[in-house]
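Okay, so chain A shows up in both of these, paired with chain B first and chain C after.
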Partner chain A sequence: MLDLINVSYDTQIPNNVGLSQDKKVLKALEKWHPGYINWWNDLIPQNFQQSMVYLRTAVSVDPKGWAKFDYVKMPEYRWGVLLAPQVENRTIPCGEHYGQPAWQEVPGEYRNLLKRLIVIQGDTEPASVEQQRLLALTAPSLYDMRNLFQVNVEEGRHLWAMVYLLHKYFGRDGREEADDLLRRQSGSEEAPRMLGAFNEETPDWLSFFMFTYFTDRDGKMQLESLAQSGFDPLSRTCRFMLTEEAHHMFVGETGVGRTIERTCQVMKENGIDDPFDVDRIRGLGVIDLPLIQKKLNLHYTLSLDLFGQEVSTNAANAFNAGIKGRYMEARITDDHQLQSDTYVVWDLVDGKAVQKEVPALTAINMRLRDDYTKDAAGGVGRWNKIIEKHGIDFELKLPHEAFHRKIGVFANLPFDPEGKVVTGAEYDKGLPEWLPTHADGDYIQSLMKPCYEAGQYARWIAPPKVGIDNKPGDFEYVKLHMA
Partner chain B sequence: MTQPIKQHLIDPEICIRCYTCEMTCPEQAIEHDDMNVVVDVDKCKFCMDCIPVCPTGSIDNWRIVAEPYSLEDQYAWTDLPAQEDVAGDDAGLEALDDAVAALLAEAHKGVGGKSRAPATAAKPTINLYTLGKPAEARVTGNFRLTAEGSDSDVRHIILDFGGQPFPVLEGQSIGIIPPGTDAEGKPHLPRLYSVSSPRDGERPNFNNLSLTVKREPHGVCSNFVCDLKPGDTVRVTGPFGATFLMPSDPNAHLLMICTGTGSAPFRAFTMRRQRENPKLKNSLTLVFGARRQQELPYFGPLGKVPESFMAKHFAFSRQDGEPKHYVQDKLRAEADRIGQLLLEPSTHIYVCGLKAMEQGVEEALKDIARARGVVWTELRDQMRDQGRFHVETY
Partner chain C sequence: MTHRIDFQTDPSRYRHWRVEYDGEIANLYMDVDEQGGLFPGYELKLNSYDLGVDIELADVVQRMRFEHPEVKVVVMQSAKDRVFCAGANIRMLGGASHAHKVNFCKFTNETRNTFEAAEADSGQKYIAAVKGACAGGGYELALACNYILLTNDSSSSVALPEVPLLAVLPGTGGLTRVTDKRKVRRDLADVFCSVEEGVKGQRAVDWRLVDEIAPNSKFDEVVQERAREFAAASAKPSNLTGIELTPLDRRFAEDGSLTYSAVEVSIDRAGGRATLTITGPSDPAPASVAELQWQGAQAWILRAARELDDAILHLRLNERQIGTLVFQTQGDPTAVLAHEALLLANRDHWLANEILHYWKRVLKRVDMTSRSLVAIVEHGSCFAGPLAELLWAVDRSYMMLDEFEGDNRPLAAVTLSEGNFGPYPMGNDLTRLQTRFLGAPETVDTLRGHVGKALEAAEAEELGLVTYAYDDIDWEDEVRIFLEERASFSPDAMTGMEANLRFAGPETMETRIFGRLTAWQNWIFQRPNAVGPDGALQRYGTGVRGDYNMERV
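Take a look at the complex of A and B:
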């Protein structure tokens, strides 16, 4: 009998989808495998590839089995194909097919739409590993290095998850798309990654934390809505990916939080009460809070662009087709078809940002973006608690959605972070206060010195409150291979 | 007065609100608002499904409370409240399973108050597997530790957990569920056994552990365990125990006093120390009693542990041609050294074995302390409250 909970290791690719009995797909995946390993090996510097990293590997999709920790060399990590257990009698949760049995095979009429969604999702996974490939060289601790590698190997696994769907359900053009996922490169001139934010480099650790907090959270929201898909294999894949994605959220939120904590500590130790006393604060080797606000503005607004146009027929079609649901679709109490509902979106009227009602079906992107913003605001609230605890008068804020946008109704318009239209001159003058400048980047870069001693942390960041897997403070999360 | 109860709580300071626990919980016991994720005490059944899925560790928090924290209380928190002293709670949180908690409370009674874990002990996982959802382990070894001719049959049993995570710390126990039913036709309840291997496995990095089990006449579970053959499977609950643990501090000196299978946790302590800090000197002291040398579990392997690493004192009560010696006699014979250890703040004392040994050990320590001008009960209470005095007897 097929064991759908525990992971089978009888093929080269750990899986719970019965690969050993699915020769055609197994062969296709085995053919794709060497290209993947090459891609991985060319990516991260060799001394890290040879190091023993304390990583979490899923050994089963049962809750007890997906967090087994052990030392492993990254190229030997067991990337596998893991789908959440099938829910019996699952039905399509939204759109015109609402209530019908969920599809176990690709419905012909939606084949291209589905394939495109899977390819876009799949493209972001290796892209982020590419963006972060050199960060280990400046890791502020072995703990942080481990977290980085955990994020990286799991993004790698998410690529596998999407490639499996392409191979299994989309035949020859699925295989071609899978090959292209390894051909495109983040930041490449001739074959860049599909989404803009995934072609920006991640130059330093604060950017990495901001990226995992804001940009991976977009990934989380996309996975949440794909987990609501009427195409059951996609839903099951994404549900399992979400359990891993949570770790990425954790790395981002605590990374930024620990940076803030350290800044506040050092300010207090040196009797600095004014968070805008930037020169003195930087003189002490920590990252000033106004700069953290600027980084937040940048990464939040870049991530908002990932949600696309506020009013979108593509999104409406995907929802209506039952291919992509809303965040927590199952917990929403409406008709799940949105035939006569409306939703409030931002629009531009006479050069001003105004809110107006549009048919809810066309505002699916906007709704997901609002859910995203709400979700992202939670962590900002926690960060402010840290600042408040130290008695420093400063509050981090999410900027207005009109600020610094490249996509949607506000694209390329001079809004300030409060959402007010300003003149070109005011915008130019405001920018160095709103977004990180090159000088800011240089300063952060100057702090990026590796700290490879177990239990030690770079000066600009506080140690975590709890270790990974309950490990004590001086645990050697990465046994570095420094040949 | 109502009995104190155990409550599952989430640390709001560490939680990142990913709601993975909420999605995982089969009881819908977890909910959230914009700031906090909270656990409904009326719905949580301690199934532990939410524990491994949490990316932060914030989920793994437990309190003993007289009056449970309401959802409103939890929503208002920015920090997790510390464990309060609760009237009627003498045992602390050793297990969530009430029957097991009662057994451990009884076993730890000799400590004379509420047991506390050493300050530098690693955080234990408790109750991951329950009677309703036990783990299944495969037997990979069953070796007799006592001489063939002896009427005492003590076994070294190795269990492999395969793909199931089973995190144990040295000093913790697991429950074995014997198959079949009791006289009333009810399924047997689990019996507790102390783990005798270190946290990284009987074999390093194998997902296995060992037990040290003595066959008891008419013992339902001990006979079942002692008769196990490689390849057999057993149902396991646990791990249990959150205080009888070793300190992580390599400079802490462990004075381990045991009889018979009470040596199980000390084998684990010793192996852990050896694997972690093999070069330490004068790191451990073992006082070990048995009837005869042939009946002392692990006598052979113990001989290979250098005396400079661990001072070993054996007491035999039925050795032919020798006077009867008990562990308390050895303690008195080593009064100088033991007395010195008692006064050192790095010393951790562990007593493990049959209940009958407690009184003799206590008397000996009292006398040794008195000779140094110290009142043992005062020192003991102080050490216990600092997590430096531990008793587990049965």
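Take a look at the complex of A and C:
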């Protein structure tokens, strides 16, 4: 355990922000830290807390320091405060202050806007750990368990990163918000997490992989746009977080990919060509491809909702203020102010989904969501390659953005995954083919049996091609503490 | 600065007024110099006035109190034939910017309130002796007097012709005083305010528009007779000797910063704010009222009030881009309390009484200032007694908590005095503390138990005396960010929000004038029906009426 009374902040908290000299942040962090440790300890079952996990720790931002691998007990993980190196003479990349020197201090005018964005981002970080807290009990392998914990501790570090900004730049309000980040709990009735999608439990490992692939990718896109912030400390923080986020995407993509791989292998071994021969496939203890499509439909559409309304004045304000940019803002060749540009978004006209032009400034959310969809399509293509390689006639697809939405113009309307309006009856009938049913959930649950032998994998998932840190196949990624 | 409007003047410089002192009676003559306008482009005909005329009147009223405490009755009259006063100059109004009009009206309102209160505060009763046309702002001058005499020459009348003639309101208290002070029946008031020519003779008395009419041939005699009667009936002691209001010690720097003896105003143009720092007394309090009178205008407690008053007026009129006023103090709070204590202990002494009333007026001037007001309570400050009132006049206050590194000044404290529980009421007739704790009146009683105690930040915040207390670590950021945020909001929305939040509690004639009447007038001042190219103000004097858009809004 950390020695809470004598925490040496410069060694136990890797940082490149001169923490030991920063009286203000130190004082705030000293008050916040015990609450964080309590939060962590109450979260994940104790036997995992006491286990030695082969984790990567970032101790500095240079290539040598950002990935140090070693065994560590999670409560002793060294959560750091690391910002990407300062870019000299950086300017505000968008909006009405375009081209002015980036802010090193919070501009009073935008204090509340900035604080809100940081709090929302910060709220998602611990939320996902809470959602995943029991997954280790059903880990399909020590390798996967280690990946889960790696994602968890890094989400914890992302929380630290946001708390650092709140402590450093937002005074008393910031400290209160930092405390509230620990007070809210995923799924709590008293004080739930801010965004709906973060209050759903992650019930099984396929959900976890889908979550890290689709929902973490929303997080990635938000970080990408905050990395373009004119408030330099936020930009630098997010840029460093993105390096870790890439690993979370990797866990998601390979997790789903390995599940598909295993299904295809087992189908082939047993001479099944029809991917819709669900009963037989399930009889063999693997997850049928149509169910994977349904899970994909669910997680993709939930994640789309996280982008908010199609036309948003909040997003327009944040962009215009220079607080939040677009994906790869610097690579876009326009005036970065968008005072008179337009952008094409989906809208609902006479009950049909149609595309129309709206002022680009108000379509900032949609543009980011479109970028997200493009980004998400890449992995889907690679999954299809696996299926193709096995000679199975099945293609995974991202559903139309009108399908299964709770937010925006298409919210709660009967669109099918192709984006076609259907009747209520057709919708009811189609639903079990489009989204996971309770029975599907039961089936997946039945597969969730732990597999804690080094080098062994649950039947429904294939082993990875390469180990973490190039470790051999039988490497013991987690030395379980079995008290 | 193009043209600085100066609120300091003295009798040797008057162009529009003159006073003849006759023992306990002062005859105040309005004799406006047509060529004496503050700005080019208009002539002050028919005793019409602009801000310059009003600055002189304010000076007359102020000196009447401090320099001539022997005066018990002031007779306000015209030195011109057949006209008492034609009101605010229309061409001046037509040519002035909206902001100038608004500031002009606010200042004239404050001046009217000041001489209206002179009877109650200082035992100086103002009589309006109306001969000739008394229209609009002219009648509003009379309305603010304590007694109105009108000559019955079958042509002299009192009138509020603004609505029919100019499509604006009698905005210097006119509409409000007709109903709230003169208590004219509302339908008669409606008639009165809709007819250009006004009301004369007996009807003016019957409708309560004036107190008395007198035959023209005997008018001057009756006026002097009334003046003598009122003086004789006055409870005020006789044969008081005044003090001289010597010129202020005031220096302007290149950048517009201002230095007085006890007040300093520094200007941050980029930040859109001015910091007013009041320095506490360096000398011990006068030992007696005799010593106070001997010190006269040099006494710290009077000097500081005059300087603060002038600074506020200067910032209002001449620094309109400065949206935030930051109040600070430095000095020994116990010394401030000692200086105030002498006044509180001698309220029956005319000068002690005058200075307390003057602080009341200055603090009201702060309340009425349409800028974001903030108090910064630093270590070494002296927010005590009258200066503590500033904490509750402002929109927000920030106080230093605990020791600051490298700062060895005494810890910031707020110190209450008995003065905070009565002598400086706001326009709503409540003290600032009563207004602040409208929902928890018992808090005011609790606070009274803390009189004289230096309340440091944690306690001051706990008691609700300041908005936020911040320590060394948070202080700089919190204050900076607040000021930056404030400077980013729309000044119109700020003015509106602040004016609404500042005056909780009951309405008085004063709050109705500054709230209801002024707000409506300022709205009308923005409307094309009044100020548009074909509006009534622009067309005034052309013989053509204003062209009105008949849509009711």
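FYI, the second predicted complex is superposed on the first by the 472 of 483 C-alpha atoms of A that agree within 3 Å, B and C clash if a C-alpha of one lies under 4 Å from a C-alpha of the other, contacts with A are read in each partner's own complex, and residues count from 1 in each chain.
The rule we apply is simple: a residue touches a chain if its C-beta (ideal position, glycine included) is under 8 Å from a C-beta of that chain, and two chains touch if they have at least 3 such contacts.
Since the structure is predicted, the reported quantities are computational estimates derived from the model, not experimental observations.
Asks: Could you tell me if A:P14 is touching chain B, chain C, both of them or neither one (first, second, both, neither)?
Replies: Touch partners of A:P14: none, neither chain B nor chain C.
Asks: One more residue to check, A:H247. First (chain B), second (chain C), both or neither?
Replies: first
Asks: Which partner, chain B or chain C, is in contact with more residues of chain A?
Replies: Here the partner covering more residues of chain A is B.
Asks: Does the superposition put A:K465 against chain B (first), chain C (second), both, or neither?
Replies: In the superposed model, A:K465 contacts chain B only, not chain C.
Asks: By the touch definition at the top of the document, which applies to A:G255: first (chain B), second (chain C), both, or neither?
Replies: Touch status of A:G255: no partner.
Asks: Name the contact category of A:G322: first (chain B only), second (chain C only), both, or neither.
Replies: The answer is neither, since A:G322 touches no partner chain.
Asks: Output check: A:P417 vs chain B and chain C. Expected answer is one of first, second, both, neither. What do you get?
Replies: neither
Asks: Provide the residue numbers of chain C that touch chain A in the complex, in ascending order.
Replies: Counting only chain C, the residues touching chain A are 468, 470, 473-474, 477-478, 480-488.
Asks: For chain B, which residues are in contact with chain A within the complex?
Replies: 13-14, 16-18, 20, 23-24, 34-35, 48-50, 52-58, 60, 78, 120, 122-123, 125, 128, 163-165, 205, 248
Asks: Mind pulling up the chain A residues that touch chain B in the complex?
Replies: 6-7, 59-60, 63-68, 70-71, 220, 242-243, 245-247, 249-250, 253-254, 374-375, 377-379, 381, 385, 465-472
Asks: In their complex, what parts of chain A are in touch with chain C?
Replies: The touching residues are 23-24, 27-28, 105-109, 111-112, 169, 171-172.
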